[in-house]
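Look for subunit A in each of the two complexes below; its partner is subunit B in the first and subunit C in the second.
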Partner chain A sequence: MDDDEVLDTIRRTVLLVLPDLEPDLVQPQRTLTELGANSIDRAEVVSLTMETLGVDVPVAAFAGVRDIGGLAALLRRHL
Partner chain B sequence: MTGRYGIEALNVYAGLAHIPVPALFAGRGLDPARLDNLMMRSRSVGLPFEDPVTNAVNAAGPLLDALGPGGRDGIELLVTSTESGLDLSKSVASYVHEYLGLSRNCRLLEVKQACYAATGAIQLATGYLASGASPGARALVIGTDLALVDARAGYAEPATGHGAVAVLVGDRPAVLAIDAGAFGVYSYETLDSARPTPELDIADVDRSLFAYLDCLSGSFADYRSRVADADFLATFGYLAMHTPFAGLVRAAHRKLAREHAARVATEPDFEYRVAPSLIYPAAVGNLCSGSVYLALASLLDHADLAAPARIGLYAYGSGCSSEFFSGVADAGSAAAVAAMGIGAHLAARRELSFAEYVRLLPVTLRALVPEPDRTVDLAPYQDFRQPDRRLLVHTGSKQYHRLYEWR
Partner chain C sequence: MTVVVTGAGVLSAIAAGVEEFAAALRAGRSGIAARGTGELSADLAGFDFGAAVAARYRLAEPIRRAALRAAARAPLPVQAAVTVALQAWEAAGLHAEPVPADRTGVVVGGHNLGGAYADAVRPRYRASPAYLPGRYALRYLDTDHVGTVSQVLGITGEGCTVGGASASGNAAIVHGCRLVACGEVDACLVIGALTELSAMERQAFVNLGALAGAGANGGRHSDAEPATLCRPFDEDRAGFVPGQAAACLVLESAESARRRGARALATVAGYALRLDGNSLADPDPAGEARVMAEALRRAGLGPGEVDYVNTHGTGSRLGDEAEVAALRKVFGSDLGRPWLNSTKGLVGHGLCAAGVVEAVAALVQLRDGFVHPNANLARPIDGECRFAGGRAEPAELTVAMSNGFGFGGFNSSVVFVGPGR
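Showing the complex of A and B:
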C-alpha cells in the first residue's frame, strides 16, 4: 500500500466519524483535535482505521503521535 | 430460573450528596460544549464519614435485610472489589464482614483490577457454585469506591462517582441467570489510568478510551468464538456496559454496530437496547467495578422486561482487563431490583452547590491516606442524614484500626 492509500483510509474514516467536515481539511500537518474531533471521535478514528487496514497497533505505540501525518506513518510501519 | 447460577439480588448505594454536572462545569470553567459528549446529569459526592467499608455495608445491608430471615444463610464467600483500598494487607472485606453480621464460616478477600475486578469475582464465584463443591452456597461480591478527583482531573472530575454496588450470587438467580460458558475475555498491559498513591488518580484519556473500545472488540470476538451463532443484534435484547461516562457507551455501541451489524440504524437501536442502562450512571458517575452493575440496575428499572431477555454485559478495567458476558433477565428480575428502591435512593441525595462541594474536598481527598489515629467530626453533616435510613458511618481510627458506628 503506498503512502497516499494510508492517508486516504484515514481521511475516509475521519469523514465517517465527522460527516460534516470538509474533506480537504484532512491533511498530514493537522491534528484530529484541530478538525473538531473530541476524545471519543479520536478513539473511533484510530480504531476504525486500524480495522480497515487490518493492522493491530499496541495502544502504547500511539504515545508519540502528534498529527495525522504521524498517525499515518505509525500505521504504515505496522502494515 | 432453576438449574442456573447468577445474580440473586443487587443493590446500589451512591451516597447522600450529589452535584449537578453543569454546576461543576461552571465552577471549574470547563467548556459547556463538552457536556453533550459526557452525557452526564449529576455525580455522587462522598462525605467525610464515608469510606469503602461504609459504602459497601450501606449497599449490601439493605439487600440482605430485604431477603428476610435466612437472607444471610449460606454466604460463605465475601469479596470486596476496590481501587480504594485501606491497607496493603487487610481487606476492606474484613470490616464489611463484621458490620454485615455474616457467619464466621466464610471466605473473605479483596480483589483489585481497576473497574474490572468485581466481574472477575462474580464469574469465579459462579464457577465455584456450579462446581457443586458446596451446594446451596452463596457469594456476596461488592464493588466499592471513593473519588479522589479535583480540578487537576479536568473533564474526569465531573464523571467520577462515589459509592458501592452489592451483588449476591447463588443458585436462585432472580435478577440475572448468567449464561454458563458464554463469555469472552481480553486483557493486556497498558497504563491508561491508575491510582498510584492514596491521593492521586492519573489518566491518559485518549489511551483509556481507545483501550476500552479495543477491549470491547477483543472480548466480544472471544465471546463469539465460544458461543455459536452469537449475533450482536439478534442475541441480546439489551446491553449494559461499564460506564465511565454515558457518551463512551454510545461510542462503544456504535463501534460494535459498525463491526457486526453494518445495516442497522444505530440511533434507534441504541435508544432501545442501551439507553435504559445509562439513566442511573448519568446521575451517579463512574462507580468503578460496580459501574456495569449500576448500569444493569438502571436497565432493569427502566426497560420493558415483560418477556425474558438476554442481556449482554461488558466490563472493562484500566491497566487493562475486560470481559463480555451474558445472562437472562425477566419480569421477576425487574421486580427484585425495583424492590430495592434505587431510584428513590438517588433522588434522596442532597444537592450540593459548587462552593459546598469544594469545601468538602480537603477532607475527602485524604480519605485513603493511612493515619494511625483519626477522629471524624460528624457534627457539620447532620443535614445529610436521612431519618428513615440507618447507615454505617466511619468515626475514626485508633492505631490504624478503623472505627464505625450505626447512625
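Showing the complex of A and C:
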C-alpha cells in the first residue's frame, strides 16, 4: 500500500466523521482541527483509519503528529 | 403552577410521528413481528435518521444541520431521541415562538440504554483495543441523549436522565413537571428513550419466562402469527414483546404557553411515583393502587371522573392480573366506567420509553375522541373491567390516566385532563 492509499483512507475516514466537508480540503498540509474536527472527532478519525488499514499504533505515538501528512507518514511506518 | 403539554413527538413500529401514530392506533395496527432469527419484537421499520430530520423542514436549517452533525452516526436510541425531540419542538411551536434557552430543560427517561450499541462495537474492540472509537467514552453514557438533544436544540436550562425501569418514562414526566412547577424552567422536553435490548439482556428476559413466544424453543415463536402472541389482559397471555419506540412531550407552564400562544393538548393534573420496597419483578396491587389513588388526589378528581386508563398492560401473566386487582381497589363500584386498553399489544413494550409513548397515545385519544383497540383480547381476565374491544370505539374522553410499573418496585401513574374540561 503506498502513501496515497493511506491518504485516501484518511480522507474517506475524515469525510465519514465530518460529512459536511468538501473532500478536496483534506490535504496533507492541513490539520484536522483546521477542518473543524474536535478532539473526539480526531480520535475517531485515528481509530477508524487504523481499523481500516489493519494497523495498531500506540496512542502515545500520535503526540508528535502535526498535520494530515504527518498522520499518514506515521501510519505508513506501521503498515 | 399548572403544567400543560404543548407538543409531542413519537416514533414506534407502527408510526413515525404523532398523526400517523393516532391513525395507526385507531386502526389497531400491530408492529409486532418475528425477526429473521425468529424472536418476536416490534422494531422500527425502515427508520432513516436523515429522512426523519429532513421531514422537519419547518425548523430552521441550522437545527437540522446540527442534528445531522451530532447524531448521523449515533446509536439508534440517540437518533430516536433527537427525532422525537425535533417533532415535539416543532409541534409546540418552539421554533416560531421560542422559550429562552436557559429557561428550557430536558429530562430523558431511561437507563442502561447502550447495551445493543456495545454489542455492535465489541467486535472492533476484540480485533484490537486501538480500534475502539474514542467516542465510545461519550456514547456508552445514557446522558449522551441529554447532551446530544441539548446541543441540537441549544437548550441550556436544567437537564438530566432519570430512571425507573419500565416506569422510566413516567418518572421523566414527573420530574419534568416538577421542574416546570417549581419555576426552574418554563418548558421542559421529557423524552422516553428507545430501549434496544442487547442479546444478553433479551435472553435474560427469556430465561425469566417474561417474553411472549419464548417457550421451549428459546425465545423463538413457533407457527403462530407473531402479532397474535402479545395478549394483554387475555386468559392466554404469555408475556410481553419488546418494542422499539421513543417519544417526547413538551411540558410547559400554562403561563408560558399563554405568552407564546401555544395550544395545550392537556394539563398534567396529577402524578405519583412510589416504591414497593422490593427489588424484584414482583408486582404488588396495593402499591399500584396507591399511585393511581395519589395521582387522582393530586388532580383533585375522584375515580368516578376518570374516562380512560392507558394501562401498563404488558401481557405478562402476573403483571396484568395485579393491575386489574389494583384497578378494582381504586375504582371500586366505578370499575366498569373508564375505558381500558393497552398500547403495548400494538407497539410492544417500549420499556424505558413506554411511559412517554403511552402518554402520547393517551393524549391523541383524548384529542380525537376514541379508544384504540386491545390487540388479541379474546377472553378478558376480568368481566367487569371496560376493556376496549377489537375495534376502535368513539369515546368522549376528558380525564385520562396512564400507568407505568417497573421491575424493582417502581409504581407510577399520571393523570392528564383534556382542554375541554
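The rule is simple: the second predicted complex is superposed on the first by the 79 of 79 C-alpha atoms of A that agree within 3 Å, B and C clash if a C-alpha of one lies under 4 Å from a C-alpha of the other, contacts with A are read in each partner's own complex, and residues count from 1 in each chain.
Throughout what follows, a residue touches a chain if its C-beta (ideal position, glycine included) is under 8 Å from a C-beta of that chain, and two chains touch if they have at least 3 such contacts.
No experiment lies behind these values; they were computed from the predicted model shown.
**Q** Figure out whether A:44 sits in contact with subunit B (first) or subunit C (second), or with both, or with neither.
**A** Touch status of A:44: both partners.
**Q** Taking the superposition as given, does A:79 touch the first partner, subunit B, the second, subunit C, both, or neither?
**A** Touch status of A:79: no partner.
**Q** So in the superposed three-chain picture, is A:19 touching just subunit B, just subunit C, both, or none of them (first/second/both/neither)?
**A** Touch partner of A:19: subunit C, not subunit B.
**Q** Let me test your reading of the model: by the given contact rule, A:60 touches which partner, first (subunit B), second (subunit C), both or neither?
**A** Only subunit B is touched by A:60; subunit C is not.
**Q** Once the two structures are superposed, pull the subunit A residues common to the subunit B and subunit C interfaces.
**A** 40, 43-44, 46-48, 51, 58-59
**Q** For subunit A, which residues are in contact with subunit B within the complex?
**A** 38-40, 42-44, 46-48, 51, 58-60, 62-63
**Q** Would you tell me which residues of subunit A are touching subunit C in their complex?
**A** 16-17, 19-20, 40, 43-44, 46-48, 50-51, 56-59
**Q** Applying the document's contact rule, which stretches of subunit C touch subunit A when the two form their complex?
**A** Touch residues, subunit C against subunit A: 65, 68-69, 72-73, 124, 127-128, 130-135, 138.
**Q** Please name which positions on subunit B make contact with subunit A in the complex.
**A** Touching subunit A: residues 34, 37, 188, 190-192, 205-207, 209-214, 217, 247-248, 251, 254-255, 258-259 of subunit B.
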